[in-house]
Structures are given as C-alpha cells and as structure tokens.
C-alpha cells in the first residue's frame, strides 16, 4: 500500500482505527472552529488583546482545513470528480471565507459555512441511514416540485398585490409624509413577514382601513400558506409509507408494510 | 389564412415559432413592467429627474398592453366571451390602473396586478399540468366549502367576542383614558392579529387580567385555527390521493383506492 | 290553530312564508345590532350628539329581542326545556348585557355575544348539514378529549416551568431592578405568547443567557404545540373518513367510501 | 400488616379510603404550593409584611413534602430503585429548590417544578389510560428519533448560516456602529425567533438588502420547519392507527391494518 493509498484510507474511510480517529478529530475541529467564529463576533472579542488571538486561531483552523483539502485532492483517484462533488464543494467553501475576509468586512464570519461539514457526522457515527432519511425527504420534495412551483408563484403574486394595496392605502400618513409602506420593496417585505405570521411589528398599519385590510390579508395569506403546506406534508407522509414496496408473488398486491411477512390480501408468504 | 386568423394564432397559441416568441416577449414585458412599478415607489425614484422617466416607461408598457388587449378582442371569434373570461378580465385589469392613477394618488401602483398575467407562464412553458395542480386544489376547496364556511363563521364570532371582552377589560387605562382596545374595530384587528399568531405587538394588554385573558384567548383561538386547518389539509390530501389510479375495465371509473380489489362502482374485479 | 301555535310556527319553523320572513328579519336585526355595538365604541361615537342616538338604537334592539325571547318562552310547549337549551341560553345572553351595561362600564359591549345567534343562519338558509359539520367536529373533539387533557396539562407544566426559569434568569436587570419577568404571572404570559409563536415583543429577554434560553424554549415549546396539534388533526381527519360506514353483507368489510356501490374487497353490491 | 406496610399502602396505592384521601390532599398541596410560589413573585408580595408570610408558607410546604419524601424512601421495599425512578427524581426536585433559594437569588421559584408532580393526577383520578396516551406519544417520538436528529441538525445549520449572513450584511449600521446583528449569538437568536415565526421584533433588519434577505430566509426557514413537522405529525398519526386492532387467532399479532384480510405475520386468514 503506497503512502497515497494509506492517506486516502485514513481520510475517506472510517473502518480503520486511524481513520476513525481522523474523523473524530475532524468533527471536533469543525465544531471548535465554528465556535471560535461565533465567539469572535461578541463585543468583548473586539478588544485589542482578544482580536489578535481569535484571528490567529482562525488562521490555524483555515491552515489545517487547507492541508486536509489538498490531501483529499491528492489522494483521491479522480480529483476533479471530488472537487465538484457535494462534499468537495463544501470542503472548499469551508476555507475560502478566510481569504475573502481579507477584503470584505467580517467576511470571515462566513466560515460558519463549515457547519455544513457536520453532515459528515452522520457517516462517521455509522448513522448512514439518517442520511437516507434526508434523501427520502429530498426525493419527496422532488416529487412535489410542481406543487411547490405553483405554490411559490401564488405566494409571490399575493405578496406583490398585498404590498401594492397597502402602498396605495397607507403609503402616505395624514400629513402627507411617506410611511414605511411607501416603498414597494418595504411593503412586500411587510407582506411576507405578515403572511408567514412572523409579525415583527416594525411595520404596522396605522389607519382603520389599513387595519381592516391587514386583517383580511392575514386570513387570506395565512390560509394560502398553511393549507398547501399541510396538504404537502400529508401527501409526502402518504407517499413515503410503503417504503420497500415489494409485491406479492401470488396476488401482486403492492402496499405491504415494511414489517409484513405474509401478503395481507391473500396470505401468500412474501 | 387571413391577417386576423394569423394574429389570433400568434397571440393565443404557442405552437408556431412566432407564437412562442410572442409569449416570451409578453412574459418579459410583464416582469419588466412590474419591476418598473416596484422601483418607481422607492425614495430615490421620487426625485424630479427620475419621476418623469418612470412615468414614461409605465405609459409605454400600458400602451403596449392596451394594443395587445385590443388585438385579442379583435382577433378572437367571440370577443365578449373572452372579455368576461378569467384571463380577459386580468388582461383588462393590467391596463386600467394607469388610467386610475390619473385620478387617485399612486393608483398606478395597482399595475402590479399585472403579475396575475404571469399565470400564463404555466401555459407558455408547457407546464399545463402545473395548472391542473391549481385546478385540483381549487376543486378540493370547493368540495370543502361547507367546512370553510362553518370555520370562517366560527372565527368571525370568536373575533367579535374576543374583541368585546378586551374592550370591556382593557378599554380604559388606569387614568380613565381610552386605550387601543377602546374602539371595537381596533380590538377586533388585535384579535385577528393575535389568533393567527402574527402578533405585531402594536396593541398589547397592559393589565394582569388582560394578560391572563389574552393567554387564554391565544390558546383557544390558536387551536380554533390550527386544528381545523390541519383537518382540512389532511382531508384534501386524502381526497386527492387516487389521482393516477387504475381504471375499471368494465365501467372505466378511475378513482379506485390503491388497495381495492373490485371496482367500487360496478363490482368488476380489477 | 290557536294564536300561540301560529306564533310558534312563525318563530320556530321556517317552512311557511311568514316564518321565512321572520328568520330573515331576525338575521338582519342581529347583524345590524352587532354593527351598532361595534360602531358605538369608535372615537367619534363618544361625542355627545352620537352617544344618545346609539344608546337609543341599542335599547330598541334589546327591546325587540326581549319581546322575541318572551314570545319564544310563551309559545313553546316546554318553556323550561327551551330556556336551558343551547339556543335558549344564547337568546337570553343576547339581551342581558344591555342591563349589565347599566352597572358596569361599557358592559353593553358584550351585546356582541348576539353574533352567536348567527348560528341560526345555518338553519334558516337550509344549510343544516353545515351544522352537522360542526357536530362532526364536536364529536371528533370529544373522542380526542383524553389527548387534549394530557396535552393541555403538559402545556401548562411547560408554561409554568419556562416562566420560572426566565424569572430566575432575567428577573432582575443589571441594576438590580425587577424586569417584566420578575412577576411569575407576567413570565407565564410571556411563555404562552412565545410558545404559540404569537411573539408580541412587549416582553423579551435582555441578557445573552436569557436569549439562549428563549431560543431553546421556543424550539421545545413550539414542537410541543405544533406536533400534537398536527397528530390530532391527522387523527380526526382519519376518524371522519368512513362517514357512513356500512358493512358489506358478504365479506363484512366496513371501510367503504361514501360513494361506493360495490364492496371493494369482494365485489358484493352494497 | 406492619406500620411500614400500612404507610406504603396509603402513600403508594389509591385503592383504600385513606390512600385516596392522601392522594387528594397531595394534589391540593401541590397546586396550593405552586400557587404560593407564583403569588410570591408579584410586586405587592415583595412588601415587608407579605414577604415573611410567603416564606413561612413555602417552608411549611417544603417541610411537608420532605416528610413525604422520607416516608416514601422508608416504606418502599427498594429505596434506591424509587430514588432513581422518574417519580422519585421529581419528588426530590420538588423540595430541593427551597434549599437552593438560600444561596441563589429567587432560586426558590424553581419550586414550580412541583407542577411536574401533577402527573400523578392521572393515576389518582383513575385516568391511567391518559398516561398511556403520553406513553404512546413518547414511543412515537422514539420511533421518529432519526428524523428528529436529522431535522434538528438541519435547523441548527440553517440558524448558524442565516445568523452569519445577517452578521455580514447588517453587522454595522450606516455610521459604522455595531448593530444587534454584530454579535453572532444575538444574530442566531434572531434566526431562531424568526424561523419559528415568533417574531418578537426586538431585532429587525434595517437595510433594504437585509429586508430582502430576511424575507427569503423566512420563506426557506419557515418551510424547513413547518413541512417536516407536518410530515412527522402525519406519520405518527399513521403509526398509531391500528391501536385497537383485531388480533390474529393463530399468532396473536395485533397491529393489523383495518383493511387486512390475512395476518401479515403468519398468513392466517383473519
């Protein structure tokens, strides 16, 4: 086994002892580096005596992850395929923000994108089937993509029209000065915040008619969001029920439960 | 083929090359005109040098859509039927606000109703079955209209009574001055905003008893909205399940359950 | 037919022409009287010239409904049974607040309880089956009452404990002065408003630890409310599916759909 | 029967008359002591003349519950097993905070943890099957724990990344001063409050781009929470359906679907 094969085994597999330790060290590093990024944004961390230390620790982690990324590229058989795979892109994104932070203010905070690397946790902890749950969800979403497109288009249309109505009704206050509803983007932001029932309260209707309109829009917009979401959920739950849809060799019935031993229609052993 | 037939083909069909280009140009125009309306409401757009330009662009789009509307009316065999159809009314509404804007302050913002024309996108992009999704949703709502009527009546009754209770309890503050709850419309607006869990916070209870009442009303009102909505969603999801069902070879009925052995209409073995 | 029988027919039945007109007049009166109560709480209605007029109109409606209530009591065969029936109590509640208003400030606003009388609309408009929807919902709730009791007990326990935690953590601000969380009832009100995702924002955590605790409580409390509610909804929807659960005379299968003509298991005509 | 056996019967069983009275007294004591704790935090209770009285009553209840706890430990056959059981730990937690309150400010407020003892109510009131409801829910959650782990990991990742995005976009206001989004923990608190649609409004975006980002995050985060929750609810409801199912006469398996003809475990015709 060459050095390159050995490094590949340590980095990409978790069956060997060294490979397991590498994975655990990796997860701890990811969590630690995300924690450092979070702490570095707190008020006391801006003081001169802390700023330097945090910057140093961040660059240490960036250095480690850069070495790891290069090792992955070098040890894998087809580097390009890895580089453009889901995990390959995340591994790159996990080191890029440090360099971006040299140019954009606090751009290094995007280092928290490293949390995405935690998806590896599932693989390491032998919880691969947790990932299959995520895959099942993804497939269910793909099956429902038509409904989601229609749904989002409807939501967008309602948001634009609701914003326009409030712009016309509450755009100017009683003294003729523009309100928060005067700008359409602001009014559309209000419509999204209201229809999703977040309701910050930073923009609220002031006139009686505006309040009436808001109450009506809330009821319409709310049901426009909650009912389709509920339908989608119920349908996804139904679609996923007969997971391992084996069919009966006797009566060809296909809706067997995952724990069935005999066909529930004709009694044939499956 | 006369000129009129040719124009009809271009405007209403999307099978020919010209028809396809017309549709794409139409969608781009709609999106562009909506974007112009949104931008024209922003602060900087109110400056003299911008105001005129936006007004000009708006009228150009209104002109184009007016010409298109007249062309549709002229080229179609039964103009009245088109004029009173769903798309016909939307096409008219898409040009009217410009003229309304001459009389009512910022009435031209209602031009964003043009976004409704985007529903045409579904047809153009050969995504007709997306529309059938919308139709299925519509039919499901019609089937559930009884429940929705009972539900809305109940919500209205609870909103009125909740508003009245808060009016009595919190109508006057400790100094005897009227609060936000003093006016019943305002108290009912509060009840809607609270029961739908939007919770702006622009109107909140001030006294201990008012807070207790609010907590109780939230729990009652919340379950009054969330549970029926959930039931409705689950039922719609169930009603729509046998979409792509097998059809009976005898009576051609198609709505069989996945577990049916015999046609439930004629008894034919499936 | 005696006068008493005739009045009974007009008031309680809606088959005769007079009975129908009476019902329509009743509904219009109810809506009008509720509207008057709502309008009478608005600012301009407090002016001397309006106050008297509104009071007069309110007493006219109270007079009419009192006469109607007495007529109902007099014409019905078993007055006590009516007086203690659902509609009988509502009919009484619809006139009482006027008299309460003589003693308690703005107590007459409770007249809006008259809206409950609108439930009669269902009967009048031959929409009796809408009422059966409400009955089905009621029965479903009764079937699920065990779950609801367990659920509410759990919610109460979480509300009390969440309030106590925030009382300990955020009860005093940095200067040692009591905050909104210092009073347990106030902290419990906060917990309800937060867990139901209403989120007014009138009481919010100020310290970093308080914010962390709030975020954790929101996630716990939210799932404690949304998941059981969803389960309840799905179960009610399932329980109500086989509405007219006739059983097959041949194979005794009972899960037939409402529109089934033949048993879907054995093909027997139902 | 020794004294110890007799006390065991009174405290742990509720079949005898004395045992029933003990249970009722216990529940009343728990409710009363929680009420006292709640009242003691109100403003007027801080006055010198009240403070002492409340403290005295609290210590009386703590004394009673301490005696009861010792009696339970003494009368039970295996004290250690009881001490580490669910109810044993709660019984201990119900008296500890009084002693903690001697050292930590208002630590005695944690006495409200006594409300957890109310779970005993179910047993006392012969509502044991209410508890089985809670058990069924617990088991359903255990069955779905994989989905919940994936779900919470996803939520955490989205919260961290959403917070980081807002930190970069809105971390500094136009004058270069740090905003509420400058601290990552604060920005993550905002992300949780927003995505769960609580929306206090204590931290809101100020810039146009921040508002756009918020609207997008709300829609993404909202669907990330509401859809999986809905799926989970629907699945739990389905898993729990065959509760009172018929049992197979051959293998005694009880989890048959309502539409099963043969036992899915052994093939026996049902």
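Note that the chains are named A, B, C and D in the order they appear, and that numbering of residues resets to 1 at the start of each chain.
Keep this in mind: contacts are C-beta pairs under 8 Å (C-beta built on N, C-alpha and C of every residue); 3 or more make two chains touch, one makes a residue touch a chain.
Note that the structure is predicted; figures quoted are calculated from it, not measured.
Counted by residue number, the contact pairs of A-D are over half the same as those of B-C, the matching pair from B-C, A-C or B-D.
Note on chain B versus chain C: their Cα superposition corresponds to a rotation of 90 degrees, in steps of 5.
More C-beta pairs in contact connect the chains of C-D than those of the other pair, out of B-D and C-D. Residues touching across the chain A-chain B interface largely differ between the two copies, under half of the numbers being common to both. Separating the centre of chain C from that of chain D, both taken as means of CA atoms, is a distance of 28 Å. Chain B and chain D have centres, each the mean of its CA atoms, that are 39 Å apart. Chain contacts: chain A has residues 185, 188, 197-201, 226, 229-230, 233-234, 238, 265 touching two or more partner chains. Across the complex, chain C is touched by residues 34, 37-39, 41-43, 46, 104-107, 109-113, 115-116, 118-119, 121-122, 127, 129-131, 133-134, 137, 140, 155, 185-186, 188-189, 192-193, 196-202, 225-226, 229-230, 232-234, 236-238, 240-241, 258-259, 261 of chain D. Of all residues in chain A, only 146-147, 149-150, 153-154, 156-157, 160-161, 163-165, 167-168, 171-172, 178, 182-185, 187-188, 194, 197-201, 204, 208, 211-212, 214-215, 218-219, 222-223, 226-231, 233-235, 238, 253-255, 265 touch chain B in the complex they form. Partner chain A is touched in their complex by these residues of chain C: 197-201, 230, 233-234.
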